[in-house]
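Next, two complexes with chain A in common: one pairs it with chain B, the other with chain C.
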Partner chain A sequence: MLKRRAADPVFIFGFILSVAFVGIAILYPLGKMLSTVVSVEAIPYFERFLLRPTFQLIIARTVILGLVVGACGTLVGFVFAFFQARVAAPGWLKKMAHWMALIPVVSPPFAVAIAVIVLFGRSGMISYKLLNLRPNIYGLSGLTLVMTLSFFPAAYLNLLGLMRALDPSHEEASANLGASKLRTFMRVTLPMLAPGIASSFLLLFVEAIADLGNPITIGGDFDVLASRLFIAITGEYDLIAGAVLSVILLVPGLIVYLVQKYWADRASVVSVTGKPVGQHQPVRDWRVRVPILVFISFCTFLIALIYLTILFGAFTNLIGIDNSLTLKNFDYVLNGVGQDAFSDTTILASLATPIAGFLGMLIAFLVVRGKFVGRGALDFGTMLGLAVPGTIFGIGYLLAFNNPVTIAGITVLPKLTGGRAVFGGALAILLVYVIRSTPAALRSGVGALQQIDPAIEEASTSLGGDAFTTMRRVTLPLIRPAFLSGLIYAFSRSMTTISAVIFLTTPEIKIMTQQIYNETDTSRFGNAFAYVVVLISIVLVAIAILSLVVGTRTGAERERK
Partner chain B sequence: MKIPFVRSAALFAAASLMLAACGGAAAPTAAPAKATDAPKPAATAAPAAGKPDKLTVLCTVTEDWCKVQTQAFEKATGIKTTFVRLSSGEAAAKLKATASNPEYSVWWGGPADGFVQAKGDGTIEPYKSPNAAKIPAQLKDADGWWTGVYIGALGICSNKAELAKIGMDVPTSWADLTNEKLKGKFSVAHPATSGTSYTMVWTQMTLNNFDEAKTFEYFKKLHANVLAYQKAGAAPAQIVGRGEAAVGVVFSHDCVAGIDSGFKDLVVSFPKEGTGYEIGAMALVKGGPEKEAAKMWIDWALTPAAQELGPSAKAYQLPTNPDAKVSEKSVKLADVKLVDYNFTKAGENRKALTAKYEETIAAQPK
Partner chain C sequence: MSDYLSLENVTKRFQSPEGKDVTAVDSANLDIAKGEFVTLLGPSGCGKTTTLRMIAGFEFPTEGRIVLEGKDIAMLPPNKREMAMVFQSYALFPHLSVYENIAYGLRLRKMSGATLDKTVQDAMDVVNLKGMGKRRPAQLSGGQQQRVALARALAIKPKVLLFDEPLSNLDAKLRVSLRVEIRQLQKRLGITSIYVTHDQSEAMSLSDRIVVMSAGKIMQVAEPREIYLHPNNPFVADFIGQANFLDGVANSVNGEMAEVNVQGQVVNVPCQVALKPGPCKLVVRPETIKLGTEGTFAGRVKTVSYMGSTVEYALESMGKIINVVDHDATWQRVFNEEDDVRWTFRADRSYAMS
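And then the complex of A and B:
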């Protein structure tokens, strides 16, 4: 299979590791799941979920939600990234917008939903108490607002890394040839960003359709597949119904993945040549700056408002009803079940992050630079970890790992999930964290590597560097920002994910998002807010540490400084 | 349930009195048994086996109460006690899914219907605690499959301020809840996950003489008013308290807990057609990993001391042990018209009815 670099043992080891990871942690549970779905018992379920108008409506709504959130979130993320990378603005404003955009990525999705209810609900502090309005935010509008705010940072981080890495000389060339700024933007800049835009849209689309927490919290009448799936599992523990619904949920995600892959591959433009590059000319045209500044200010203000509400809510008795200050929410959270949940989740996420970051970059390197047959399959297999809704893995893991895996009577893998599993079920949760996080690192890596001319690496190779040295000394420094965003995403994603692990928690292993979900569902916002505040603090500290260790600039940018 | 349970308060009061009398007579023998509860296993049961050191409780009341109760047990016995809170339907489903290798040893809390269903699923096993002798016969299973630990009545939880805005009086009947003014302003949990909500379903079945079609016709109308289905039965009290919905159906003690925690606009009412009630039960999980500790939990949870802990966690359910003090915030069953709620039948029909509810009501567009 390996052609050119077959002699390189590091390369072969990396290849075997990646294939084993994809095979055991991703494909095996999915296979189990699919074999359940194609069994005879599943037929009536398909009939029930696909042929009845009720469910057709639910499926349609699910797709609409994914498209709307994907589009809105990518747009907001794009504007934030463009503002950050290209628009002339005071430094403090840029810093503030950057940090504000990071906060949602580090908080569990329903945090925003409940804050929005507190602020803009029927009896909301702003909507009713300030403006005397009684809006109905329960439905598509509320979901779009909440999910866009929750998920856009993934698009922002993704696009920002790419924009910073773009070579300005193309744009300069375009300008020199007499193209207007708009034309340059449309014909030069956008095409170079196409892979990033497409992968952002995919991320958000899948996030939106697979999200369990928000539809239950703020979805109102707007019923989606994820909420029905949740009831099927929690209420009836009907694994077949869960499996069938999951597969139906899988189809739109896969279609979007294939479309984006087809499109991005055709649109890929190599731009980082490694030759000395100039600085981007910041946009100063007020016709562009003013709308962007207004938009950014509005979004930043909204996010700030939401998170101040969360912070304030964590310290109040009953926010909006009785705003007297108290520490009882923190007492509840820190001295109860919360304690275990905090340590369990933090430890597992800390383990998952370097593993996911490493695997993501390794696979990105194999996929972009490797010359073996089946690169595409490896990429695809890894991406399934994200393209497949989290609930599928939750159910797939239950099906695959609830009993020891044996081949010809020999135990290959012990029981990983449920009560009395190895490490109390922690290993299964760790694996899920890793498979959910690796694709983000992979896409960041691929996006960045595609922008780097292979000639740079070939130079290293011809000077005698092996694959590992080239990766460490040449490639990694060049893709450092992308690597960092991959790591940050991996950690915060693990800390804040719920849909994949909600079915995998055991009495021994408590997961923070599950606890927050419990508090949200019982509508005890004070406790939920306190949980969120502690969780965000943990993640922010971790990000600060990661930024210090990895660094936010590329090697080239460091040299220039 | 051989003895048909109270339809009227008088009968209930009489039964309580009678059993209290029995309890009184039995007191001299029961008391020492209780006093030696904790040291007994250590002293008499095989010392070689050692004292159980940990217990995992599947807990189906509010998280606060779970916490208070497990901490108190841990203090009383020295057994390290952890809990996982799940709603009643979830708990039954989880037990069934993990039956071959149970994670929990005892299931505590949630309406008895769920335990009847679990008995059918083969996920619990009978245990007749010596302390169960004190519990009135109609509040426990005759063969020890489950034993009642508290009682609660289903009630309507309304927000006065919200009702005033839409020009409605506090609802006092099931029929009032389908009023068009409540469209999108009515909150209730999903019967598939919530025992509270299933109690509502079975109450309607009972009121409609077990006519399923008529019952679901009612829910179809009610569904039009539902804001969104929660997972946990107690949640609507908070949602109504916050003014996001105007009316909800919860166990009345959950509404009282809401008032207690600061939602001053909340008010409890009971439907005049008659309302359902729950016997909050507990049972030994079949094949659970910590059987001895689980039995100790069940013995302990039936003592007056254990049953008086609820109010400290804003849980105002009525205790089943006649010797336990009753909080003045608890519902006075004498003032409420109760339906003849058959827990066995309710439990046996639970899976079918909740599945039907999900498919023909909850998943339908409004």
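And then the complex of A and C:
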């Protein structure tokens, strides 16, 4: 027998921890849901959902919504990115457009939807009071507007990164060979961005069909799968129906994931070397600049208007009807009924943030530096936490953890969800926060680790450092910015998520997004807006604190002159 | 020679992505004395880096023992080996200053205060980096960065100092001056060193002994001079310097000398002890060939490369291409392409092998 190397205990512990996390918090509930769906009881549901015209209509609407939002959001994101990366404009304008585009990222669902109803609804401040129109905003048009505004930032950031990474020498070569600017754009730039445009479209498609908050607020009778699923669980308490609908909802997302993995990634021609490769010539032609500037101004104005409405609405009795200023909404949120939700949510998100941050970095470390078989599977399993729509996890958790988990009669996990669950169901919500946030931390960690020459870590071990010392003194300081962005993402995601959590709240544990929905549902917009303002403030304060505590720099940056 | 570090039948097999077993290092045996400077030399993929990484502890042998001071360390993790590595990519900690980089290994050994400061300052002194302690690696040139890496490795007084192609990211002039420095330093400190390179001039100028590797196997272990003059086999002859292989027949072998018939010309040449009478190969170095209008063999010049201090020719002769280097271009006639020439070689500097 050969001597086997004793693997580093730190490594083994990390491995067991990650596998346990993925297994218990992600794969087990998903597996439970799938086994429910393939059971005999589920067959009539499939018949009901797939064969009846009413449900076929719902599926068709879901796909239409995904396509429309995917197209609109990608277009807006593209114009914002192009403006930012390529169009000559004053610096302050670019900065403002950038920050305006990022606001929707940290804002909870509903916020945009309610503001749009208040502004453009049947008795809207602009539509009725200003223009004397009575439009029906509930339905596809309202959903498209709201979802486009909510989701385009993802497309914007994705495309902006790609545009900045494009090597200008390709465009210079095209110009050098005699092509006009338009021709160069159509024949060189656009084709090189095509995979990025496609992946943005697909991402928004999945986001749109998985979204729950907007359809139940502004969807009206434009029923989609997500809202139907919500009714199945909260209205009819039918878990099997929910599970079956989840699987139907999962199919388009899965197709998109596979297309992305096997087509978009492969077609990518943008090579990110990290080396500056010269400057793009900014576009100065007024025929391009003017329409783009008008479009950007309109969008940023709209976003500003929406968030000002929210801010204003939080301080009024009933916005649009009684505009007198008041603090009673904040009193309600901070001292009254909302106090519990405020503290519960903040505490749970604050707990989830470091857990997700560390898990993300740990799994990133195992995936990038580990040499074991199955690291790809560990990566994939973790990513499922984000790739699978939140509603599906909500139902999966209800199915998996509504009773204690026992193996051979021994209780391994206590009851996590529903009445009389441990910590009033807080543990389940915490787990959902963690699984929804870890993937982003994992991706940024993987990106950062791949930039670090493995020899740097080897140098540390060669000089006498064990795995733990090397991690603490070399690796972690170097991936600090990635760690920070993972933490920020985890906190804002946890604070603003609704889709998974809405099924898991109990009378004992109140969650702010859930409260916002309740207030919206009963048309107490003032309270809803006050929640939104408080929630965004908490997120911004948390970002500031995290940046201060963790630090934004590694210390390896070149000194600026 | 007292053995300080020994490799005993060290073998490393990898699983290739297609699932095939690949033998990166094939039962390597090597004994290194204390204070010796040994170079592992070979083309890329020959297993030299894998061998070094097994000595460092970054890889673990599939079979065999690695013995340091009588103890088998083959399965010890790198941090328990009291060795230090100088990497091709420098591998400095980019977030730490020069001073902290050098202090890193010392702090892990619980050194602190004045002793730490003195050790770090001394190490910076040794590599001529006095007063650079506060700088970040990114603010240094490549040569300076590699000096920091060297100081960082030397500071912990490792039992064995390991070099993984440390000079290949530097430009040619710097490479030469730094390798002279490395050699002087190593001799002065008497530190046992193992150096991996694919650059034969680096190996020749630095080493007490060179280990030539090919396809996972050690081909020859010897001093630079011995390697060049008496290569064990055609691979070594061809890899170290340039070699022309002339076909001949050994008429008789007498210990280390043989009488060899080359194209009707009978010469007395040094040979492998193992050589048997019969067909053999004669290694003739390009610089031992003399071109002229007279000489034993006929040839035709196919290409001429005028290099300034030397002229390199490729001749067509004996049905093959014979490479010639004329180091005496100032005094000799320079031939042109398609010139018919005569040539001869110094028999005492050639080497016969089977």
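Heads up, the rule we're going with is that the second predicted complex is superposed on the first by the 371 of 561 C-alpha atoms of A that agree within 3 Å, B and C clash if a C-alpha of one lies under 4 Å from a C-alpha of the other, contacts with A are read in each partner's own complex, and residues count from 1 in each chain.
Basically, contacts are C-beta pairs under 8 Å (C-beta built on N, C-alpha and C of every residue); 3 or more make two chains touch, one makes a residue touch a chain.
Owing to the predicted nature of the structure, the values given are computational and were not obtained by experimental measurement.
So, does A:Thr461 touch the first partner chain B, the second partner chain C, both, or neither?
Once the two structures are laid over each other on A, A:Thr461 reaches chain C alone.
Is the number of chain A residues in contact higher for chain B or for chain C?
Counting contacted residues of chain A, the larger count belongs to B.
Go through the superposed model and pick first if A:Arg164 touches only chain B, second if only chain C, both, or neither.
In the superposed model, A:Arg164 contacts neither chain B nor chain C.
Given the touch rule stated above, what does A:Pro477 touch, chain B (first), chain C (second), both, or neither?
Second partner only, chain C.
Can A:Thr469 be said to touch chain B (first), chain C (second), both, or neither?
A:Thr469: touches chain C, not chain B.
Of the two partner chains, chain B (first) and chain C (second), which one does A:Leu239 touch, if any: first, second, both, or neither?
First partner only, chain B.
For chain C, which residues are in contact with chain A within the complex?
56-58, 60, 62-63, 74-75, 77-79, 81-85, 87-89, 91-96, 104-105, 108-109, 136-139, 149, 152-153, 156, 162
Which of the residues in chain A come into contact with chain C in the complex?
2-6, 8, 453, 455-456, 458-466, 469, 473-474, 477-478, 554-559
For chain A, which residues count as touching chain B in their complex?
Checking each residue of chain A against chain B gives 48, 54-55, 57-58, 117, 121-123, 128, 136, 138, 216, 219-221, 223, 228, 231-237, 239, 317-318, 320-322, 332, 336-337, 340, 398, 415, 418-420, 505-507, 518-519, 521-525.
In the complex, go through chain B and note every residue touching chain A.
56, 62-64, 67, 82-85, 87, 89-90, 93-94, 96-98, 101-104, 162, 184, 190, 192-193, 227-232, 234-236, 238-239, 241-244, 261-264, 289, 351, 354-355, 358-359, 362-366
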